[in-house]
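The structure follows.
Order of writing sets the chain letters: A, B, C and D. Residues in each chain are counted from 1.
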Amino acid sequence: MLKMNPRNPLLKTDRLEMFTDGVFAIAITLLILEVKIPKHAELEAYGGLAGYLLKIWPAYLSYVVSFIVIGIYWSNLHWLFSFVIIRTNHVFNLLCLLFLMTIAFIPFTTAILGDYVLDPHYRNAAVTAYCIGFILPILTSYLGALYAFHQYRLVDPRISKNFLKKLLMQFFVSLIMPLIAIGLSFRYPWVSLGIVLVNVLLFLIPPEKPVYTETATASVTA
Amino acid sequence: MLKMNPRNPLLKTDRLEMFTDGVFAIAITLLILEVKIPKHAELEAYGGLAGYLLKIWPAYLSYVVSFIVIGIYWSNLHWLFSFVIIRTNHVFNLLCLLFLMTIAFIPFTTAILGDYVLDPHYRNAAVTAYCIGFILPILTSYLGALYAFHQYRLVDPRISKNFLKKLLMQFFVSLIMPLIAIGLSFRYPWVSLGIVLVNVLLFLIPPEKPVYTETATASVTA
Amino acid sequence: MLKMNPRNPLLKTDRLEMFTDGVFAIAITLLILEVKIPKHAELEAYGGLAGYLLKIWPAYLSYVVSFIVIGIYWSNLHWLFSFVIIRTNHVFNLLCLLFLMTIAFIPFTTAILGDYVLDPHYRNAAVTAYCIGFILPILTSYLGALYAFHQYRLVDPRISKNFLKKLLMQFFVSLIMPLIAIGLSFRYPWVSLGIVLVNVLLFLIPPEKPVYTETATASVTA
Amino acid sequence: MLKMNPRNPLLKTDRLEMFTDGVFAIAITLLILEVKIPKHAELEAYGGLAGYLLKIWPAYLSYVVSFIVIGIYWSNLHWLFSFVIIRTNHVFNLLCLLFLMTIAFIPFTTAILGDYVLDPHYRNAAVTAYCIGFILPILTSYLGALYAFHQYRLVDPRISKNFLKKLLMQFFVSLIMPLIAIGLSFRYPWVSLGIVLVNVLLFLIPPEKPVYTETATASVTA
């Protein structure tokens, strides 16, 4: 099932996973750099340091939400590499790179949201930007899954075809809510943020155990 | 003892440990970014570069204390994953994520403390912020331990029940000093910082060797 | 074939690979820090937040291109350490360090390009800087390959001599296009950028499978 | 020889090495953040972007020197953990933490040097700061070696006593040149920088192969 191509040989996933873990760990930790330390001169306008630290609550909330978002992507990827995807190749490395590019972009849209969500003039644009930053990793991971699952290209051959189909369907469905959020953000930014929050909460549900083909189950049970 | 749940299967801890190590390594190294490089125009006010470098000693001290704080958390986690917690699952991954969120927050409160501890107007708020940043990882790691230790969910089954109870008690007790420090920070910020410092020194004491059940000890000795 | 030198003993490549992966993961994630979050006061000049986010498209493009550039270098290095280079020594560690120094430099030239490519006064200098930042890792990796391949110093002894020669030739040839880009950047910066883009696209072609000596092939097939 | 202490049990070095590698990789990559991207308004004073990029050569030089300094420390540590130190414990973890604290400090003194070495008013202070940042990791690694080598506490027991003594002597001697550099920096900053540069070049010499005790050599040869 695992086809060989002389210019695109199959590789173990260990180094790809390490590199991915590195990028995730850095992107998630960089989020704190966007919670700004106040300059002395700014504090008067905020009514002192305590006032400043209380009034920047949207920055804390953006931090928490984006930390969970990146963390969930990491956890799901971890699961995918533990149970489903067992090999990689040059093309899949590139698709993972594309995915990581969208993960490392999240600190930027997070900072935009934290800085401007309370400003009525710029709220809509800030929320649109955040929702776009939110959907990009779903889109790129969907592309990666389409490539990896195609004819069991990089997948554990014991996993049942229906389970792979179901996973792809879940990827596809998970694009719908953020798409609606983007559409609504131009007029109802708070509704968009609510949708994103619900989406994040749905992500917290652990992924299902993979279903194996009958023969594979037999060999595992035996 | 290690119960299986089809939606929450047990996983090896290696990738969780790697990800955790990554976040710790980055958070601890980001601390230096909060020791600010002076702009040319600022130097006159400080009496030159030498004057600047001497007068920002609170920034160095915050750097050193927070480096030790994050380092000790890392070291203790290292110990926990070496001797006590031997498996993970989706929920524990999320609890670890929550813990890492509070670790990655420390550079922020460290910068606040370094910038404002010498300013009498803002000292109290700066110390309160630092103490809150200090207690959060203790709180979230306590939650994680409660979950992992419950009915030996993710724990080495050979470890004695009393030892686990003692560990949880230590977690709980370690919340008391920082709570007092937060309370006092509104009026006696220097006392609060003293308590935090003593707390950090107590953390330096190495953790105890785990105690095994009698049968396990027998099997180890045999 | 793998010669021993008492002051330069051969080592396994695993820790060098981990360190390299770490630097790559950080350099690639730091790129996002160069996409600047707008200050409130600046937004008027851009026609609001939406205007700002649209007008900084060169920063996004620089981000994407440099992400791919660093990612491809990582992918190619991954391939080199999987199939060709199987040992390291003190001198090669230093050469890898030199290479990493040029990788970690890319976020700087990327930021220069993103900030000034649309400004006719500074475009030429920005593109020259970017092209120099682009050629440096090719140059230093060529040096590393020359050292590692010399008399099979750190190379899998089963690989055919012709394949190593061909690889070195490819390294050498890949210097030509960026050199032309640097030369043209002083007068035709857009042409230079076009050349760099084509070069990046050529990098996307997966590396060839290594060719083994006849005896090695026999032993592998047997 | 490897003595056990119930509160300070011996551990494998693998996770300590990974954490150390992480901090090194981040500290070395953060150096580039100190090479500042020019603001549009500043460029006039420098005669344009090309002028700016040429005139900040001290920032490039600081980047290169500090990259090599951190890289060499990493390479030497790598060597120490490959051949000499084979176990760790709680105390040694803390000493490594102290060492990493001084490594992560180097980006700060590097930025100071790059920004102020060309300014005659602040050159002396900048060079003193850099030299202090340079000696701190030597000092803390010396402390770590003293602890680890004491009565073969964490050391490969086959290594000869004389070799360990020689290593400690080399650590001690390597403190002398930077101490002289610090002393001279108050009056002759360029001489100090010259001494540091020579010191860095001396670091490039690969470490010697460890010498084993006669019985160990016999067992290895047999």
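By definition in this document, contacts are C-beta pairs under 8 Å (C-beta built on N, C-alpha and C of every residue); 3 or more make two chains touch, one makes a residue touch a chain.
Owing to the predicted nature of the structure, the values given are computational and were not obtained by experimental measurement.
Two copies of one chain, subunit B and subunit D, touch each other, and the residues they use overlap weakly: the shared fraction of interface numbers falls below half.
Look at the CA centroids: the one farthest from the centroid of subunit D belongs to A.
In terms of their C-alpha centroids, the spacing between subunit A and subunit D amounts to 37 Å. Subunit A and subunit B have centres, each the mean of its CA atoms, that are 26 Å apart. Looking at subunit A, residues 18, 22, 25-26, 30, 33 sit in touch with two or more other chains.
Residues 6-9, 11, 15-16, 18-19, 22-23, 25-27, 30, 33-34, 89-91, 93-94, 97, 100-101, 104-105, 107-108, 111-112, 115-116, 119, 121-122, 124-126, 128-129 of subunit B are the ones that touch subunit A when the two sit in their complex.
Within the complex formed with subunit D, the residues of subunit B that make contact are 17-18, 21-22, 24-26, 28-33, 35, 37, 40, 43, 48-50, 53, 63-64, 67-68, 71, 74-75, 78-79, 82, 204-209.
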